[in-house]
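Below are two complexes that have chain A in common, paired first with chain B and then with chain C.
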Partner chain A sequence: MESFRFCFLMLTIAILASPALSDLVLSKVDRRIYLTSHIVRISSTMKVENAGSEKESKVLLAFPEQQAKNMAYLIATPHEGKGKGKNPVVALPVEAANPKDMPAALTLYSVSLPKGLAEGDSFTFDVLAVFTHALRPIPEQITQADIQLVLYQDSAHYLSPYAVKVQSLSVKLPDSRIESYTKLENTKIHGSEIKYGPYENIPSFSYSPIAVHFESNLPFAVAHELVREIEISHWGNVQVTEHYKLIHGGAQSKGEFSRLDFQARPNVRGASAFRYLVANLPPRAHSVYYRDEIGNISTSHLRGDSKKTELLIEPRYPMFGGWRTAFTIGYGLPLQDFLFESDGKRFLNITFSSPMVELVIDALIVKVVLPEGSSDISVAAPFPVEQWQETKISHLDIDGRPVVVLKKTNVVPEHNQFFQVYYHFSQLSMLREPLMLISGFFFFFVACIVYMHADISISKSSASYLAKQQWEEVQAVIQQVQNIISRCLTTHDNLEASLRDLSRTGNIQACKAARKAADGLLKELSKELKPLLTFLQSSPSAAQVEELVAKERELQEKVMVKHSTVVDGYEKKLGARDIENRVALQQQKLTALRQEVDDLLEFIDEI
Partner chain B sequence: MVCSWGGYTFIINLIPMHVLLCIVTGRFSSRLYIAYAPLVVLGTLLAALVPVVGFNAVMTSEHFASFLVFIIIHVVAFVYYIKGILSPKMFKVAVTLVVSVGLAVCCAVIAVLIALVASSPTKGWSGRSLSLLDPTYASKYIPIIASVSEHQPPTWPSYFMDINVLAFLVPAGIIACFLPLSDASSFVVLYIATSVYFSGVMVRLMLVLAPAACITSGIALSQAFDVFTGSIKFQLTGASSNTEVDAAETSSSTAESQTDAVKTEKPEETAKNRPSRKSKKKEREHGEKPSTEAKAEKKRLLALPLESSVISLLLLVLLGAFYVVHCVWAAAEAYSAPSIVLTSRSHDGLHVFDDFREAYAWLRHNTDVDDKVASWWDYGYQTTAMANRTVIVDNNTWNNTHIATVGTAMSSPERAAWEIFHSLDVKYVLVVFGGLVGYPSDDINKFLWMVRIGGGVFPHIKEPDYLRDGQYRIDSQATPTMLNCLMYKLSYYRFVETDGKGFDRVRQTEIGKKYFKLTHFEEAFTTHHWMVRIYKLKPPKNRIRGKTKKSKSKTSSTTSSPKRSGTKKKNPWQ
Partner chain C sequence: MAPPAKAITSPVPDAWYPTLAVFMLAIGLVLTASFFIYEATSSKRNRSLAKELTTGGGFGSLFLLLSAGVYV
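Now for the complex of A and B:
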């Protein structure tokens, strides 16, 4: 490492020989390096002055290759005094620049100034650069009891293609425990802050390496891969599912892990481990879940108010250096908070990155699943992303839902900005799936009804089919026979009733009339019965039916006899007791017969 | 069913038993033949397709009954067929002929079979089946079967816990099955009788009892409902038809009261009742028809009073409702509560012990994909599924020797255990330890089984070495073998530092050996409540030239190390 730095130094010295690019001069540079997290943020305030005669509209920012590789985010904003507002609307456009006569070891970005700088004009702006993986744990492997030390390297002088008149640098550390740091002239240390400078009149491309080796027990949470799936349902929900593959990116742990030590003195034994992560979900997030491939993880807390929802999740085990875990969190969001309409197009406006606090994501894949039938899809992202389209087949889909996939590497919380997905979607398409279900069930029932009513036997002449059909006919006929018999029986009952009336009122005429009507009816019925009986001749149940009919005949006769006897008795004005005696025997037979007929009827009923 | 569970042997023995019963009681019919013969043929073929069963489907004694009955049913079918085509006289001749020849052949075949079966040590039965027939068998000969808690006989409370009110309804159901004993109901009776016996032998066969108990108590309930609703219906319709009856009676101007009418008709009605009793259903339908008053009268005799039947109905419904409540409770508390996530209720709410999944998730994410994990076989499937790592032994307990190897390693001193594990290419050893939170089914409580199973194959492990005066203990009275075995060390490593005494909450005692170090293992992970502890095997030591003699007998695969140690002056491990 040392030798490398030395080489680098030699290189920069070589660069010094090359001529300055333009006549711009940085009159004042204030750099603040925040090492209070594992994401390194360098915030610089620069005052640029045009010393030449030509009008300049671009300022170049230089980063050594080593840093540029780790750079995740770069933004330049005009300086607004004390009230520093990072408003992306007024951000100055920054683009990668590649001037010819620059050394290959430098990566350059050019900042376009809002208006060109005339001679002698000056302009002040802020630059925020965010780096990931810039802190190197040294030693690389530690035991549970060791504290985690990390090394940060940079230059005390601002590396710039321009000469710098006055500059200063302050390095903010998480706490005051510093293993070592490079001491240069004008180096001061205030608690957890190291100050370099001010240095004056430093020529361009000046590089003076510094290294800070300090203790950092902050959570080095790095997501190797994060797949965010945002699924829009126009029924009122935006479902976000995030699959994390997490690793502790700090010093690798080696040797034993002792739970005892960890539980007894968690701040000493296991200081470098982190136990939980905090996610700031949007307000009104609901149905939050936290699980992994083997089920729900029960260690999480959810607090919510009207401004935000805070989810605190604990991985299944404390994360030591180099330990990995994987989990999924998911939540639903109300549609109206994120989906808007403009010029007949709908657009989703949602944050790009993970809601986790201070999480570095090596590879972030955002999938926006639009409802089936969306068209004219376009994406507006605040920074360059790789994008392509897929389709996802979900429930009740026919041709799949269009999925916009955005991929970005090296993502830091600063990337958590809103992006927009525009698309066309007709409200009617929403009804597609319910209609599909309804029609599906409808046709299913229709098919059932058709099946129940249609005769779908293949061979109309097969023996079993014919037999079945014949059997059905026989049953129908038997049903008819039964009906007739029961009508006979009711006629008998009527006769009996007329007898009762007779005994009450003594109206013989009425009784006779009833008898006549019954006779006629019974005759008719027996006529009806005849063809049915001949039809039944050949069927297996013919015997029973015939028996039934015979019994019924007998019963009929007996009833007639009884009726005539009673009527006779009344006509002859016999005493009630007398008639009773005469009829008694017949009555007994009648009940017996009636009983038999009933039994037979029931038996036939069961066939 | 063959695919899912070895319990299929119950079915393939139950069905032949039923068929045999039908044949013996003279209920043989072509339907029975059609149902049974294809079942045996197809069932055996399909069962043989299942890799686990394979040729066992025709070779073990468990399947013998079905084949025997298969032969018998063919003989019977043949006899019936012959009977049909021959005249009675000829038939008699044929019977004497066949019987004399057949007996001789049968004797010969049976003799051969007995000889074959007797020649095998377990008489062709698998250990589990034998322990069913002789409940003491497993504990005597096969510790691995006896070691499973599911294989223990159940306690009485567990019956009431599992089948609850069904326990009382089952006898009623059996009686109901006997009322008209048909082919189907005889099967149910046979089913419930055998399953009650088997569930009495092994807890897990409660699973076999459950459907049988449900069926019989369902029959009982249905019969009861039938009787009660029938009588209610009768009483209600009877009220309307009574007026007609009364009218008929007044016509003859005999002012007989309703009850009198019943009394007079009673003798003849009951006489008629008897023959037609066969099918109760008939009568019930009768009662519904207002036109048949006489029948209704008859029905009235079988009917219970309206009030009592309504009350009994309500009570039955209530009983059913309580049973549903109990079932929901049991399903939620006893059956659904996963044994992998434990909960305890304390004054400050529910406390979740998710240690198993914590450990499995750790293994899944923080070990190499090829690493092998050794643990007692109880955790084999869990480790495979949840941790996605290869295990040495798992819950399929066919390979007794393998399990015995792990058992031996666990009961050996550290060095011997390390050698065994190293020869198995094990990287991690997982033990379950409940001493800190009082989780009773941990490895220390299962340890005697490891000793027994291990000792069954490797005789140098002797159970008495681990027992002090026949008692299993881990306190200061424990034997040195016990205190030096791997399981003890892995469970209690640094345990004493938690409270200074090393008080084991499961055994309710202080541990015997408190301060010790591990030389061949290192703690890799311990879960939050110490329920799962994972140890890593230390890599083999480098050999030093002068010391190679000592470790010559080692099986460890340190073939390349002598060369390396030659160049190195100092062994970093010593």
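Now for the complex of A and C:
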């Protein structure tokens, strides 16, 4: 009904209006409509000729309003020709246009030609238009056993503000049943392709409606909402987390679902349902997970090669028309593939849309989380997006990390292009995280120290408290005494070492010098010891300490005597045997004494 | 066009994370243990030891987190 009204309107306009906007003429238009997916793609090759005298630089493209509502992506490129061009294709700038004397039911876009079109010149370019939700499921509700039929409506004549000399249209359908299609003149059907045309000398604004009703069992995966979070860590990882809310966008399923029928004969009972979804992740993706609110979903397969990592996921149940599911996919990517530095600024270069194959997204929200300490954030995207900033508090954060949020509606896989986020980050800010951990440990240790120092007893004059105080003082003094005695013992060891050196090198002077030094040191130590001993007189453990000190003095004397004997022996140039004999007895006593001193030290330690 | 972009990597090579984590944690734990022993046995405390310990423990735990996959 709508198409009839529209067609009538178009005819009226064609008759009444005489748009003399320009003298451009489309000499050849080849259109190919691909209905082999639930995303409709129309690819047109157009040759525009300037039949007038003025130089033209813009060509208008017209779309009927209902069609333009569903349009997700429009791109115009110069025609490549037969061979594959080596130069990268640069798109021609396309913008929405609103010329005055155009009918309101049309949406117009103007393509700027790279060089203006002079009189008589012609230019060939390709236009690709991508439409979502353009296939209408008729009947709108089917049971599990029915096949899914969809309807597509368009015009056999290319709707354009210019006259068209020669045009043809080819509609490519999936390899299934074709229920019906409009038969006009010059209509041929080859297998799953319907050809309309060629039509010659069609006036401008001519519209000839056609409708194709066919079976389509391709997965109608529509993501009602997708939130894609990209978190950058300068320690070497980009973490991408995607939250999907999927719907099957085809004919609604009515009646009951029989799992038995579905598993026994899936192609008969449930041909329009889909089980699998494929996502092409970037190469070297690691730590891939697939989970939903219940937990991990194990029905998935991952296969990686040097160009991409292919993830095949199977939701918990097959998706029939109108059914929904929600899940999360997350993966990590190496930092050096996506983060670069140029001109003092760092930028992230990553794909915008979902890695899933043939997925229509109604609302896509991309959140880029930059590390704390980033500033001067700006975004460069190849198509218009809505953007704003937020903050996210994550691991080891003080204020939170800046988040750039980009939103786009009606997204198709053609939008999966690279976009850049520029920001400024000083390398020193990377130390922020280890410093936080370090300060955490530091405060813990300081707290321990404070706790040990703090005096939290309530009564400061009770007997037990005072006794404890005294005991602590005594302990401190004993430890100091121990310290001094250990130092004395070290001096003895030094002397022994000097004797061994003497026996090796025969250097008597060095030995004597060592003796002198040892003497001096021991004198000092005994001086330090005196006040401590007087303090300890009063305490109960004085006895052992005094014993220790006395023994140590004995030891000291004996060591000195031995040392002098050995040095004398060397001076008098006696044989080694002789010296040993003289010293033998003393040596025995020395070792015994030394053992006793060590035992006492240990004993005092354990008080 | 801007000068060719240089890829940014982490200041410490990724492959070293687990090794570094183990070594620094070991050092940190040893120092922590000696700190506590010292505190428990002596009656006059030593303050500067605490500073040494914090660096050992801090970096060790950072590399432990990174090698476990928590990219902080």
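Going forward, the second predicted complex is superposed on the first by the 429 of 607 C-alpha atoms of A that agree within 3 Å, B and C clash if a C-alpha of one lies under 4 Å from a C-alpha of the other, contacts with A are read in each partner's own complex, and residues count from 1 in each chain.
Everything that follows uses one rule, which is that a residue touches a chain if its C-beta (ideal position, glycine included) is under 8 Å from a C-beta of that chain, and two chains touch if they have at least 3 such contacts.
Predicted model only: the values in this text are computed from it and were never measured.
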* If you stack the two complexes on chain A, which partner ends up touching A:His453: first (chain B), second (chain C), both, or neither? -> second
* Of the partners chain B and chain C, which touch A:Tyr289 in the superposed model: first, second, both, neither? -> neither
* Asked: Between chain B (first) and chain C (second), which, if any, makes contact with A:Tyr317: first, second, both or neither?
  -> first
* Structure fact -> chain B and chain C footprints on chain A meet at residues none
* In their shared complex, at which residues does chain C touch chain A? -> 2-12, 14, 28, 35-36, 39, 42-45, 47, 50-51, 53-55, 57-59, 61-62, 65-66, 69-72
* Within the complex, which stretch of chain A touches chain C? -> 233-237, 239, 287, 332, 334-337, 339-343, 346-347, 349, 395-396, 427, 430, 433-435, 437-442, 445-446, 448-449, 452-453, 472, 475-476, 479
* Structure fact -> Per the touch rule above, chain B residues touching chain A in the complex are 247-248, 251-253, 272, 276, 282, 285-286, 291-292, 294-295, 341, 352, 354, 357-358, 360-362, 364-366, 385-386, 494, 497-498, 522-528, 530
* Quick one: which bits of chain A touch chain B in the complex? Just the residue numbers, please. => 255-260, 264, 292-295, 297-299, 316-317, 323-326, 486, 489-490, 493, 496, 499-500, 503-504, 576, 580, 591, 594-595, 598-599, 602, 606
